[in-house]
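Please find the structures below.
In the two assemblies presented below, chain A is common to both, partnered first by chain B and then by chain C.
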Partner chain A sequence: MTYLHLSFLSAFTLSSLGLAFHRTHLISALLCLESMMLSMYIALAMWPIQTQTTSPTLLPVLMLTFSACEAGTGLALLVASTRTHGSDHLHNFNLLQC
Partner chain B sequence: MDLSLVLNTLMLLTITTLLTPIILPMLSDKLKSSPLTITNTVKTSFLISLIPMTIHIHSGMESLITIWEWKFIMNFKIPISLKLDFYSLTFFPIALFVSWSILQFAMWYMASDPHITKFFIYLLFFLITMLILIVANNLFVLFIGWEGVGIMSFLLISWWHGRAEANTAALQAVLYNRVGDVGLILCMAWLASTMNTWEIHQMTSPHQTPTLPLLGLILAATGKSAQFGLHPWLPAAMEGPTPVSALLHSSTMVVAGIFLLIRTHPLFDNNPTALTLCLCLGALSTLFAATCALTQNDIKKIIAFSTSSQLGLMMVTIGLNQPQLAFFHISTHAFFKAMLFLCSGSIIHSLNGEQDIRKMGGLQKMLPTTTSCLTIGNLALMGTPFLAGFYSKDQIIESLSTSYLNAWALLLTLLATSFTAIYTVRMTVLVQSGFVRTPPLTPMNENDPNVTSPLTRLALGSITAGFLITSFITPTKIPPMTMPTSIKLTAIAVTALGIILALEISKMTQTLILKKQSPMSNFSTSLGYFNPLVHRLHSTNLLTGGQKFASQLIDLSWYKLLGPEGLANLQTTASKTATSLHSGLIKAYLGSFALSILIILMSSY
Partner chain C sequence: TISSNHWILAWTGLEINTLAILPLISKSHHPRAIEAATKYFLVQAAASALVLFSSMTNAWHTGQWDITQLTHPTSCLILTSAIAMKLGLAPFHFWFPEVLQGSPLTTGLLLSTAMKFPPITLLYMTSQSLNPALLTTMAILSAALGGWMGLNQTQTRKILAFSSISHLGWMAIIITYSPKLALLNFYLYTLMTAAAFLTLNSMKVLKLSTLMTSWSKTPTLSAMLLLTLLSLAGLPPLTGFLPKWLIIEELTKQEMAPTATIISLLSLLSLFFYLRLAYCSTITLPPHTTNHMKRWHTN
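Now for the complex of A and B:
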């Protein structure tokens, strides 16, 4: 495995761990989600360069589109939870707790 | 003329004559039956039945009448056939003679009963079913007669059905008889499946019969003839009127079980297990009944236990492989036992319903005919030489003593013989002799010819029947001819011993104070503790067993634990354990997400 792959993987893993183990604010989770998206973008962009094929060159742009939607959804959830609960603290999502 | 035609016709005429008081009132309104007409019918029937018996004694002619065949299944024939052999031809006149005397007596005894005609119809119906049983060649016809006598016994015992004890006694009779019926049905089923016939003359087999059908027959005889184990109904049956006790429970119905064993005797011939069982059961019954009779105070109960004891003796004779001797004892026993019951009936009515012998005494001067007949009957019962009972009873004891069978059975029978003498003498002494212990004003009257003529007729029968039967009938099995003098005199010796002992003890009881209770006398008085033990224990066990099955096994275990509810419990436990994971905490969900991602990433390398 080259150093490049290591950097993608470690960036992705660290961001996903950050998504899982965030403490208080939802926005920090969303930021981790963005960094996951970033590492995936760079990985997807490096792949046609390394294998010298031109067809997958389209993929990063597609991924960007979907991640924009996803970021927008995440922000909408943040705004909705702020509107109902007054803040974006994570313990607001424990609604299903019995 | 053709004697066989005469035989067959007159036997059928006998039975038809008995049916007329039942059928004729149905045909016309003017022909009502009355007790007198029924008595005369039975008398006519008796006189007619003498002719076939004479023909048989003269020429040894036997006959088989087949009336109809019930084609029920193709392979299995059930012909409705009547067997006119020695047993049925001889028993018919005896049964009819005894019934005639009892019916004539019942005209006086039940004179104050408003339903006397119904009583006589019941007795007549019983007589007809008994005769069907006797004359049956087929176990099916015999079963019809068997059930018929059982039902009539039930109806007649509970004649005074306002009395609770009478109803209980009738129920006891039916239940114990039913237990015996199971044995008869078992035997019939075995015969139908193995020998494909229910005919009595087809019942021989060259090799040893298996014990199972014989056990069924012995069970049937135990139920019907009140052997030990199914015996309590016979003393309880004394709740019925005295003519009922005289006809059913002394002469005719209770010998039906023994008669069944006599009829099916070829099956028993080569099975020593069944014969030994009969022997020991009979010996036990005779001793037990004689022991219970020693301390009874009701005159009818003493005679009932004496009947039970004699039935045990008949069972012993069957066990000795001597059916003809057992039949002989049945015939002679009918005479004196019926007479004893009629005498007791006369005494009871004369003392206005008093049945306790402790309240009778000195009746010899007040009721001379009755007490003379009582004495004759008791002497015949004890086996006094050359009266009726002697010929059969002495021969039985001789056969028992000279056989190589069970010595224990012999001992018990001899003991029972001496007990017979003891309780008989006790009854005679307390009833007839001594001081008068009855209340002073009693309606004492035996001048009615309806009382005296039956008693004297039966007394004549008790004296001469044994002699007549042995003179005219040749035995089929050779009786023991030679034996040591002491063996020959055994029966008389134990009887004499019993008489002396009884006289001694009754003299003692009139001069000394009453002795305290002892375990022996308690055993005798409470009829061997059999009734309370068996009646409670048996039904308690049955009911608790039933509750265990129905309630605890089926309802609680299978329906609750293992069945639907158990399944439901299992599911709820599983789902309770599963839903504990659904906490609703988002951190837990995200933590498990991270864990799974990590594991996947690790495992892909």
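Now for the complex of A and C:
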């Protein structure tokens, strides 16, 4: 496994662990989601360099478009939850308990 | 997602699905709906990122972006857990009852049936290289948790969420051995769940107590609800028995008879809450739930 592969793998793993173990704010979860997308973008951008083909060069841009949409939606949900719940503290998300 | 050969297009389809259904969940701007939408978004976005990550790992190791050629074992493991998160298989099912509870009934129908179709298609396309032990474990856990956690529920949407979880367990257990049977199970489950959700929607019933007094609105529909619920439970003369029977037959052919026994016994738990729903809606006259038989006025 090359250093490049290891670096993006560890970046993704650390971000996903940050998403899994976030504690108080919703916005930190959204930030970890964005860093996962960033590590995927860098990996996808490295792919045509590694394989010396030029056809997958479109893929990072496509991925970035959709991750930007997702980030926008996440922020909209953050705003909506601040309007209804008062803050983005995750402790307050307990209206739907079993 | 369903007609794609390349992983990036599959991921794009999954993302579009997630983004499209979020406004439907949060349409009413009620705090519960917004909370449900936030939970749904976080889970599905994380799962999509994991799908992309597993396809990227596979591409680094094997040079393939084709969906049916997913051969790297770590990649298959991560993909299976990502799709389990998307579907709501145990142990990644915790978001599902709450999200279904916070969304309107028709959106809940979409969440349980249409949104499950792309992940199941991805599992179908990669089914020859998936890990059967992991899927069997998740399936048995789903059937167990779906049955047990649904027992004490009074909100109909949560009950339908747990029924969805246990049906997904049945689908997951057979997908490596006979993917067509898993698809058949999915189609029949979609039909039955759609019937249940649309019935509940037309009677506007969200709680068990509302269900008890809903027979006077549409008597024939609540009689049909009885049959639909028993079909969901998988009782023999009704359609819901067919996928269970075929799955048990296929599992015994694959020398997994104890597994088939375990999963059938666990679906007895869900039979209890289906029967309770049927009891409250069709068989007894409220507020007495034990002794009085319903008198069906036909004139």
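As a working rule, the second predicted complex is superposed on the first by the 98 of 98 C-alpha atoms of A that agree within 3 Å, B and C clash if a C-alpha of one lies under 4 Å from a C-alpha of the other, contacts with A are read in each partner's own complex, and residues count from 1 in each chain.
Methods note: a residue touches a chain if its C-beta (ideal position, glycine included) is under 8 Å from a C-beta of that chain, and two chains touch if they have at least 3 such contacts.
The shown structure was predicted, so the numbers you read here are calculated from the model rather than taken from an experiment.
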item	value
When chain B and chain C are modelled together on chain A, clash or fit	clash
Chain B or chain C, by number of chain A residues touched	C
Partner chain(s) touched by A:17 [first = chain B, second = chain C, both, neither]	first
First (chain B), second (chain C), both or neither touched by A:43	second
Which superposed partner A:70 touches (first chain B, second chain C, both, neither)	second
Touched partner set for A:93, first chain B, second chain C, both or neither	both
Listed stretches 80-88, 170-178, 494-502 or 566-574 of chain B, narrowed to the one that overlaps chain C	566-574
Set of chain A residues, in rising order, touched by both chain B and chain C	16, 19, 93, 95-98
Chain C to chain A touching residues, read off their complex	8, 11-12, 15-16, 18-19, 22, 26, 29-32, 34-39, 41-42, 45-46, 48-50, 52-53, 56-57, 59-60, 63, 65, 97-98, 101-102, 149, 153, 158
Residues on chain A engaged by chain C in the complex (per definition of touch)	5, 9, 12, 16, 19, 26, 29, 33, 36-37, 40, 43-44, 47, 51, 56, 59, 62-63, 66, 69-70, 73-74, 77-78, 80-81, 83-85, 93, 95-98
Chain B-touching residues of chain A, taken from the complex the two chains share	13, 16-17, 19-21, 90, 93-98
Residue ranges of chain B in contact with chain A within the complex	582-587, 590-591, 593-594, 597, 601
